[in-house]
């Protein structure tokens, strides 16, 4: 099915991605992530000693502070903070640095749709930059179900507001390059990168739509994780050259 | 609006270079280590100093000098219309900071390491120049508390309205929207420790206005010295009675 | 926080037991009261009261407002107390001061404004009405504690009484031709002022129980030794206009009744003393 | 993971309660092997659920929902507002669910301080769910087009917290809306809306004679599940939520459309089969909840 | 379409100004009937239940007429770090109203006045020295306000404290009396409270016969004070018995 999108993309096409790391000097790790006109900056400070009250001191604690582009922090920002915190907690290896706190500050530079997935990707890259031990990367995608029933990926703000009846933010682990024969890293008959780390949906959709979104999201996450891998390799070779 | 009449008189009948009536009183709060009331015309401020004493919040303790804290608050009835603002709004936080920085610069903090000095200023009546009045009151209170200082700090404001530099603005002149230059000086050392202005003003005029404000500060310094000598005299008289 | 050694505590308690307190007073003697009126020129009325080292200011401001729909024949009176941090570092923003301020405000409202219907109020709220149901004076009474050495409530009540005696409310003329549902036009006179009848305003006597005895006008050192305290507001007629127990241990009902009768007795002298001080202050203000 | 082995010797000696405190995960895993939970529930069963409608007389609609010992009180107050220019014939729902205003569960046993922190998040999810489900037609809240409309303020108080906060909050909100009775009002001389009986305006035509109840279409219900290894535990208690941290909340409406599927992180990755199982469990649960709500409503009508 | 912060529309309640003028009391108007048909010296039937909140250390629910209150007690638990050392326990009280408790939608914020009154009424009854260095938190929530809210909160809180096993000298029972004209009316409802001339609230420990808190508002003469206090003391005694039975039932229930 052919779908007209304002920017001429096909329905499964993502916007151009850009990511640069180590852009802030004072932070222990930082990254900026842009996806079309949506741009998010993430900075990581830590791990520093001690956990906050009410957190488990036997594990490392992750703290997320969301800075909106304008205005004050309200309920939506609190929700984003919570989702981001839970997502990153499940990606990081928390038992390595017990009784420490790692703060992640997310600054929205520009919001043009798919904000939360961009923030998750940015935060994840910043964690890598800071050298925080992680199990794997988290790759976030936004899928939209349009009023007319088709599914598009990575919507712009305009598309979010006008055409969409529901959308799902999905986060998956990155795809694995394994030396083992294909299929050895399978859980319950599915490759590990098919497992959902985080899922957040808004609006009404049918259950089948949701599974279709999952499928599309997984396909896109493979592309995204390739991009991340290339980006990480490229910059590490850059820095070794410079060094 | 006309702030200076053709005869050269201001709204409250003062000349442009004239300061309002000053009045000061020391030791008004019995329980404080030092306290003072300072009046500039209708502006009336009370300051109390507690300390040097043990630091309340351990994490703020500084090992080689004293911690100076300041809090500025306005009484509900201090302004013309009764105000019901929550405590600790932005304006009072800013003024607290200004007073703290100004006083910190003249207190010999290194003589009192690991201790805390609290300065509380309360505006009873606001009629322009509260910032300056607070600093003057705080100086007196610190002196009353016997806290070692390089010099006293005095402060005065000056403005520029109807092409005339005006000393010590009152509320109406202050709210006219013209420039308002607040200066704080150490009179003996002849140094400026505080200078604030929030408007556009040509440099040559600014120098004029600032000079006027400094003159005002000096006049206040003279007055404050007078008050202190009188108090010292009274104190020595008292002590001679009780300890012959 | 008053830090006292065991010796000092015994000294205070022993003195009270023997009817000779640390500053030489008897158990039922007040510290000298100094009243100064008209201290805040911007307010309609104001007064400063000093009771030993306790120093408070009360100001009265009146604004034209609308009576509430439930009580169209009554004006509104509000009392707020603020404890300045100059009085004690404890009163700094975000530390305890607000709690005390609320407690004092509530206690004063309870003691001076009477019941919900307005019966028994020190100031007759009906006297504040300009046009019934439309225009009335809203009276804002602000108390400010500048220096604190115990017995804040009694001092504040005295200051408010003095401030109200000092208050002049501008006379208001109402344009006669106003139709029934519009807000009538009013003229506020600059020259004529109305005075309140302040004879009915009660005073508050706080009895602090230390050991087996109770004392009036406790200093903060003495307050730190209290086992319980009762504040009783009494008017000139000897009627109780409000009472509140201010925490501490339980008391036998008969002791409370005894305290009430003592408070009545003490209040007579206090009212007389205060009235003469207010009159003197007013006179000296007019002279100056 | 040396802990479980080290505890192996201990486990035979210590008492059950101590074991539960010391090795909560192992305690649970032993139960899960037997397909039963410490409170004697099978894995897929929700706790006992009750709804009491009309718990607060001073509100226009109210309901007390209880799932296990998690208790939420929802109440709706109707106030009049002037509708915005863009939507002159629509009312508004003031969704201010203060889900946990009441500082619950600060005791040392449970994860301390959770609800207070979770309150804004639960509130946001709840308002998203209610608004996107299209449960309430805002047009029904209109009184006089362009002049006056109802604002329904929904407040939810958490009286007791023991897991599944969102489920209970949603259930109480839905129940409160179904209990809502809109007062009869008429327009008075000043152009204000007032209650008909009390202003002596009963001779006047009430503005809303017909609209005394709100029609609820496609009511959403939810089920929270906890994932641990291959197990799925429906309707977790607070203890279960804190020990096994992968939580999936599925919201379905009465026509089995997916309103929301939330899985915020967690150590377990959810695969398609697990998601399908969760949705299937929710379908069953929706039927249960519908029945409970209907019973509560018919119980009210009998009274 | 939820109201966005800042752009929240102004709303008003349609039942504002519904209050009819109160009936005028003649000096000996003894025929007047109270809104709920009680006698002047008759309290509303009281219902108490402990253990309403599982996650708290102790809790109680009270219902008197349409006044509904729930109180939960947490602790004794470690005091906040910022607090200074104290060799007696601390009591922290907080009373709040739900937004829908009153006829007109409120803000649902903390009620500072009641919080401090609750604290004062309870502190005389609790053996604070039995839990040094720790804090007991008492959170009261008024679900529905139907008059005499504070006395109900106080009685309910003392039951919740007992349920939490906090050491007390005695239960605290609280009753208020309204003065309407020349009549004294015990346990007033909201309507009566709104046009009372004076009120008196007394909290006491019935078995010890000690008053922990007492407040008067309005003008009172000595004989009235005596009468009102006696009324309250008798009512507190009876209320104390009801509370005691509630505790006994809860205890015997848990033993079985």
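Per-chain numbering from 1; labels A, B, C, D and E assigned in written order.
Basically, contacts are C-beta pairs under 8 Å (C-beta built on N, C-alpha and C of every residue); 3 or more make two chains touch, one makes a residue touch a chain.
By chain, UniProt protein names: A = Exosome complex exonuclease RRP46 homolog; C = Ribosomal RNA-processing protein 42; D = Ribosomal RNA-processing protein 43; E = Exosome complex component RRP41-like.
Model, not experiment: these values are computed from the prediction.
Under the contact definition, subunit C and subunit E share no contacting chain. Minimum number of contact steps separating subunit B from subunit E: 2.
Look at the CA centroids: the one farthest from the centroid of subunit A belongs to C.
Ranked by how close its mean Cα position lies to the mean of all protein Cα atoms, the top chain is E. Distance from the centre of subunit B peaks at D, each centre being the average of the chain's Cα atoms. By count of C-beta pairs in contact, D-E exceeds the other of the chain pairs D-E and A-D. The distance from the centre of subunit A to the centre of subunit D, with each centre set as the mean of the Cα atoms, comes to 29 Å. Inter-chain spacing, taken between the CA centroids of subunit A and subunit B, is 54 Å. Look at where the CA atoms of subunit B average out and do the same for subunit C: the two points lie 32 Å apart. Residue positions of subunit B touching 2 or more other chains: none. Counting partner chains per residue, subunit E shows two or more touched chains at residues 16-17. If touching chains are joined by edges, the resulting network of the protein chains shown is an open path.
Checking each pair of chains for touch leaves A-D, B-C, C-E, D-E. Of all residues in subunit C, only 39-43, 46, 52-53, 55, 57, 59, 61, 63, 80, 82, 84-89, 92-94, 98, 140, 142, 144, 146-149, 220 touch subunit B in the complex they form.
Looking at the complex, you find that subunit E touches subunit D at residues 1-3, 8-18, 52-57, 66, 68, 70, 72, 74, 77, 94, 96, 98-103, 105, 108, 137, 139, 141, 143-145.
Those residues of subunit A that touch subunit D in the shared complex are 53-54, 75-76, 78-79, 82-83, 85-91, 166, 168, 171, 173, 187-188, 190, 192, 194-207, 209-211, 214.
On subunit D, the positions that touch subunit E within their shared complex are 55-59, 62, 69, 71, 73, 75-84, 87, 90, 92-96, 98, 101-108, 110, 127, 131, 138, 151, 153, 155, 157, 159-162, 183, 185, 192-195, 198-199, 238.
Residues 111-114, 117-118, 120-121, 123-125, 128, 132-134, 218, 230, 246, 248, 253, 256-267, 269-273, 275, 279 of subunit D are the ones that touch subunit A when the two sit in their complex.
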